[in-house]
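For reference, the structure I am asking about is given below.
Labels run A, B, C and D following the written order; every chain starts at residue 1.
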Amino acid sequence: MPLPLVLCLILAMLAAGPLVTPVAGRSWAGGALYGLCLAVSGLLLVAGLLGLAAAGAGTAPQLVRLPLGVPWIGAGFRLDGLSAFFLIVVNFAAAAASLFALGYGRHELAPRRVLPFYPVFLAGMNLVVLANDAYSFLFSWELMSVASWFLVMAHNHDPANRRAGYVYLIMAALSTQMLLVTFGLLSDFGSHLDFEAIRTAHPPVEIARLVVLAAVIGVGAKAGLVPLHVWLPLAHPAAPSHVSALMSGVMTKVAIYGLVRILFDLLGPPEWTWGAGILFIGGVTAVMGVLYALMQHDLKRLLAYHTVENIGIIAIGIGLALAFRANGFGLGAALALTAALFHVLNHSLFKSLLFFGAGAVLTATGKRDLDHLGGLIRGMPITAFCFLMGSAAISALPPLNGFVSEWLALQAILISPELPQWVLKFLVPMVGAGLALSAALAAACFVKAFGIAFLGRARTVAAERARETDRCSQAAMLALVAACVLAGVLPGMVVDALAPVVTLLVGFHMPTQSSEPWLTLVATTPERSSYNGLVLMVFIAVSALVAVYGIHGLASRRRRRAGAWDCGYPETSPATQYTAASFAQPIRRVFASVVFSARESVDMPVPGDLRPARLTLTLRDPVWAVLYRPVVETVDTAAGMVSRARTLSIRQHLSLVYAVLILLLVVLALWQ
Amino acid sequence: MTALEALFRAFTGDFGTAAVTVLLAGPLVTATAMLLVPAHRVAAALNAGSTLVSFLAALVLLWDRPPLNIYLHVDDLNVAMIALTTFISFTSSLFSGGYVEHERRTGRINRRTGQFYHAMYQSLMFALNLALLANNIGLMWVAIELATLTAVLMVGIYRTPAALEAAWKYFILGSVGVALALFGTILVYFAAASAVGDGMEAMAWTVLITHAGWFDPTLLDIAFVFLLLGYGTKAGLVPMHAWLPDAHAEGPTPITAVLSGLLINVSLYLILRFKMVLAANPHVLPPGPLMVGLGLLSMLFAILMLYRQRDIKRLFAYSSIEHMGIAAFAFGIGGPLANFAGLLHMVMHSLTKSAIFFAVGHIVQVKGTQQLPAIRGLGESHPVLGWGLALGVLAIAGMPPFGVFMSEFLVVSACFARAPLLTLVLIAGLIVALGALLLRLNEVVFGEAGGASLRRDGSYLPLVLHLLLVLAAGLCLPPPLVAWFQHVAAQLG
Amino acid sequence: MPVAHGLAFDVAHMLAGGMVTVSFMLLFQDRLFALIQFIALHALVLTLALGWQAWLQDAEHLYAAAALALVFKATLIPWVLHRLVRRLRIERAVETVVGAGMTMLFGICLVGLAVVVMLPLAAKSPLMWEDLSFALAVVMLGLLIMITRRNAVGQIIGFLSVDNGMMLAAAGAHGMPFLIDLSIAFSALVALIVFGIFLSHIFKHFDSVDVHTLDRFRGDQP
Amino acid sequence: MAIIQYLLLQGFQMLLVLAVAPLLIGIVRRVKARLLRRIGPSVFQPYRDLIRLARKDVVVAHNASWLFLVTPYIVFAAIWVAAALVPTYALGLIFSWSADIIVIVGLLALARFFQALAGLDVGTAFGGIGTSREMMIASLAEPAMLMIVFTLSLLAQSTQLSSIAHYMMTVQVGLRVSCGLALMGLVMVAIAENGRVPVDNPATHLELTMVHEAMILEYSGRHLALIELASALKLTLYLSMLVCVFVPWGMALTDAGPLALLVGVVLYPAKIAAGGAALALLEVTVAKMRVFRVVDFLNFALMLGLLAALLLFVSRSI
């Protein structure tokens, strides 16, 4: 599909925002808008697929330059393999979100605050992926942030949402400014902001180091790398659920796109130290993110923290790829980068799915707090099934897609001992252990999320009364489930599709999977390691069926219903079930007491006192305390000191002017 | 009177000449007419009409420039500024019609004062046009002096103690600034007279710029110090800024818009004129560090002041100081790109900030107070105002798709080359400023609605017009403007 | 003619120096009437300086400037001020912010600074050098007066002496177009009018011209 | 034609592990009893138990959901497949390449995931205890396991169990410290994962320290039978993993003749039995530890794995 057409589609979406504003209040507006977004993102998805195919066929990337933006460079757009891949990632999730919103949007309380900004948000993300010069890139980047900020502020009556929006926009500005610095350095100090020019000109190594630093800060603030993640768990839950899905599942990926574009495409040959740094940050982010998530009992915030974890995993892949590339291990680099990109795709799928599930729960019960849910699997079986699949996928369980990308990442880690640098030799195993830990903790966390919310007995009347969500939402969720399963059992196809992208970035690609027998996935060589999701799924299905028929045939198939056994305790109230906090207690004791300096204090009344016993739990976010509060306090103190100037009288102001004048004259006198 | 005499000795009958004549004579005639003839009814309409005429005249100047003359001239730098100034003066006059009417109805001013206000408005426009058109540095000085005096009279128009105090402060600081600027002008004349000979030529800017190479560097240095402090006072650079917040807060809002949108801009423009002269002389000490220092100081000071404000007009007044600081910083850094960015930033800021003040004016009249804590939740109670203000604030905070984003983008990316560390300070400042503005926005627009809600008629046209322009500028700039600014930027050194 | 030039130089020097001296006198006067008389004297010396320059360069516009200075600054303005003070009954309002001694010392330093800053000119043309450095000194002293006076009238007087400094500078400039002089007089006049308006208002609102009392009404008291 | 033979071999292995698993449990119990000076049940008792359980009809709590009902089959299938993919009597079976160690760990994680969810499904406090502790232990065990995998793949340049075993068999590995450390680590992980003493006590009920048993408390009849069988299979899996990595001798190589296969088939149960006996010996000699001591236990395993990897680095870089 020609790039101009793609741009026209995006423009149509961009225009839809202002156009829908006057009628946003009408009942049909939502349906029309989301329908339009669904159609356009569908077309853009096709465009992405075609673009990827074209890249595979080796045709040169399409270029378009519009007379917009900074006059002397114009606004350049480019559709190459990488852009195409991210177009697919963005628009698949976008289409799903629009489909979901067709149903979910009807429950929206403030449509006027959501409809105008939703298409702008989508358009912004699409433009970032296509932009080919610093100005258009940052313009779209910031447009994406602002639009999503409006969406976060959609329900502004909750002070928490206002605070979320506040923190969010400031962090977004930080990221934009740091990227501005990045491009300033890259483009030889703003002299040529065009990516084509930047590509050819490689900055000297010390400049390049600064570029990497600035880029990691700038992208990290948008993608949510620890310690720049603080806005993410605030902002993502605040938005309407289909927007949360896009922010968590897609916008963070667009940020990753920026990192990949800068580090692998625009910047010159890497140094291994960059890889080590990003690897370390990624490891920390992965573990911290999942630990944060385990401590949450708000469903959407839990999911948001998981986004942090997954971004960490992606960063690990990118860091490894850099390290391999710096040492000339083309295949290793290809493997690690493929793992990262594959995980980008996967996370966009299952994180959107999970947020949709959370949204469905929210509309059905009006609650986000896990401890007010429970037993939803009876009221809303389809949502429960989809959420279960999403949980299994994000917990990296075979044969779903989450496992594949983690498997590839681990394979990349396992060949890292070839790297010559001792720092990497020691760092990579640690990160590998961290990766395994985060996977296991993620499983724990989603057992908690699904188990507390959907299983057990209903803890509130609202949860008791929950009914299945509407068809559109179900369709969206089921489509994502199908995508997760397909990507899980046919990973070879995805890897082959990624091959041109990876070749574009590191010059090598993983072995062509379609040539392997039985659709097996091979990391480097079949002798070394291989995985076949399809065979596994068939195997499991077959043996499960064998077990069912065998045991039903040979033995009884009768079933009696009775009260729960529970070691003979009588029927207890639902309040005696494990809550989110109590579920996390063992892990909290093991990890959080160190990381979050978690403290539990039990207030047990004396016998005869009718007051209920209370367990109070205090967690302290180390990042906020160490990094952010000092900054806030500094600014506040400075403002306090400066604002004393208001009390000066006219004469004192005059004296100030006078003092400056004399000072300057003295300087002049001394100068001559 | 000098201006008129200059005018009559001026050009001979082409469109440009006619346009310039209109630009200067129009406001002057209107002002005198209004002062003499009592015409309360039509005063506002007259005001708007006259400013519209001057705007059209300015448009004429865009494609037909008058021949050079030693009193008045039109070149790449001021042609754009004139168009901008006349445009904003037109929109503000539209706005002030409704505003003054409302003030009169609520009895804050009487008919006479209203007419006096319009007359002063016209004379202010005359002064600004003269300052922009002047080729003679003395004329520039006279014009800015006149502008200050009229502005002072308008700031004090409410006659409340606070208003008087603000006007008084403005007057004292303003006149000291004027005095410094005059001394600087005299020194420049000295420098020029010894090079090009005595007489009027030695005061014509076009002559100065061509002969600057032979001027005495010492005199130029000292002169620039005085001129920078003098005109910097008008531009509201810290520490000469003290008048600005009070004048903005206590004066009528249309004047606030004009002060922030035009007067401080024009003053900075005059500083640029002299900077160009210095740039043309290789022996002078570079003025860059001076402007960088003042600019950075102004920016940081203003940003920190943003946090403790409880008066909405004062808040945005400090933001104006901040942006003047940014522009001065850019010019101080120098280089074609940074200068271009600075010029663009001046234009964008004046458009955006006046839009914001239009919104603020409506809000203050609707809410009956300027106290921020009393203004909450406009998003629900007054959607147009609330969202207009929100968009304006986002624009001024440098968010796309508005023009300030582009100018700040260029400022940062260009200044990063010359002074990376200072630019990092600038970036930090920008983020902190966003924090401060957003903090207010959260309450004013998104907070829980409450408080009074008075009736206020009057069109939102100016607000919308400005926002649309800033939006368009953020998407793409008109090529001729770019060409002019690039040429000027090269001259600015 | 070298002699004349020498003489010209000396007289100009004397007059300029005279103005600086008068500025010093203004600096340590604390009685308003005395201040007003001295500003008149200041203007008178300025008139002489202008006249001398006019005779040297026989530039008639300088004669006019001298006349203007004589009429406005030496006569009219002091008279207005005098009336103002009488009307406001603040004859014996005594106020300087810092002690006279300190002010003096500072003033001396200022003069030194003015001379040193202009030093590079000395090589090219000593006439211009001394003229400008004295003018600069007068300007700086005028500003000093403005910031050391708490009283509005005192500040007006400081501002006037700054204006006189400008005139002095302008006088030395050969063929300085008339424009400037006019505008100075003009501005000073306007200045006075507006000052007058404000003083009357201040008087209306509060029974003192102490600018300090105004600070109470600043809108943004923290 | 060959494909059929391969499939037969693979199928045979599936049946083999299925057959051996209860026997292993029986052996362990028997040996423990003997060591405790009791007679103990016959080694075939587990078979009888399973059959009896399968015959009983299932009692399900009123509020149990469909997940509760399908879980036993999923758990059983996942673990069975995993066990079938670990080389037991022969290397390079046709489907062995469809999963390497990491995948096998993943399959076990899959089983655990559903097991844990089922534990929460009925909504009793016991289920909660068991589930949360199980997940805690697992989250500690997996990093340790990965470090061991790291060491092995560092040695054998592969994560395929067949290739590792082949390497261990053919190449003269020599007596490496790393192997010893990895062995210890793997044993400790195996103990933790299978809930054996000292981490958990499979023989207890109604004790607040129990983990696995608390999780499956609500199951009965054929469901319980499947889960018991699955846990037996899991133990077998870990033992055969230990065996095929550290004592691979006697396993038939890829495309070996029938004789070699026969040797393998005969040797494998013997190895497993020996392993079971060793496990029993271990269980009677140590006492069960408090739940939160398990952390130190597994961290020690992790340290072992890390140490093994680092020592390998040293030994290779020299």
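The rule is short, and it goes like this: contacts are C-beta pairs under 8 Å (C-beta built on N, C-alpha and C of every residue); 3 or more make two chains touch, one makes a residue touch a chain.
The model shown is predicted, which means the values in this text are computed figures rather than measured ones.
Traced through touching neighbours, the fewest hops from chain A to chain B number 1. Ranked by separation of Cα centres from chain B, the top chain is D.
By count of C-beta pairs in contact, A-D exceeds the other of the chain pairs A-D and B-C.
Our note on geometry: chain A versus chain D, Cα centroid distance of 35 Å, whole angstroms. One inter-chain figure worth recording: chain B and chain C are separated by 31 Å, centre to centre, where each centre is the mean of the chain's CA atoms.
If you average the Cα atoms of chain C and of chain D, the two centres end up 101 Å apart. We define each chain's centre as the mean of its Cα atoms; on that basis chain B and chain D are separated by 79 Å.
Contact with two or more other chains is made by no residue of chain D.
Shown for chain A are the residues that touch two or more other chains, namely 643, 646, 650, 654, 661, 665, 668, 672.
Shared interface positions of chain C, i.e. residues touching 2 or more other chains, are given as 117, 120, 143, 146, 211, 214-215, 218, 220, 222.
Remark: the chains found to touch one another pair up as A-B, A-C, A-D, B-C.
For chain C in complex with chain B, the residues that touch the partner chain are 117-118, 120-121, 124-125, 128, 132, 135-136, 139, 143, 146, 155, 159, 162-163, 165-166, 169-170, 173-177, 179-180, 182-184, 187, 190-191, 194-195, 198, 201-202, 205, 211, 214-215, 217-220, 222.
Those residues of chain A that touch chain C in the complex are listed here as 643-644, 646-647, 649-651, 654-655, 658, 661-662, 665-666, 668-669, 672. Listed in rising order, the residues of chain A touching chain D in the complex are 374-375, 377-378, 381, 388, 392, 395-398, 403, 407, 410-411, 413-414, 417, 425-426, 429-430, 432-437, 439-441, 443-444, 446-448, 450-452, 455-457, 518, 520, 526-532, 535-536, 539-541, 543-544, 547-548, 551, 554-556, 558-567, 569, 572, 574, 576-578, 582-587, 589-590. Taken in their complex, chain B has these residues touching chain A: 168-169, 172-173, 176-177, 180, 218, 221-222, 225-226, 229, 233, 239-240, 242, 285, 290, 301, 304-308, 337, 379, 394, 397-401, 405-406, 409-410, 412-414, 416-417, 423-424, 427, 430-432, 434-435, 438-439, 442, 446-448, 474-477, 479, 482. The touching residues of chain C, counted against chain A in their complex, run 97, 110, 113-114, 116-117, 119-120, 140, 143-144, 146-147, 149-150, 211-212, 214-215, 218, 220-222.
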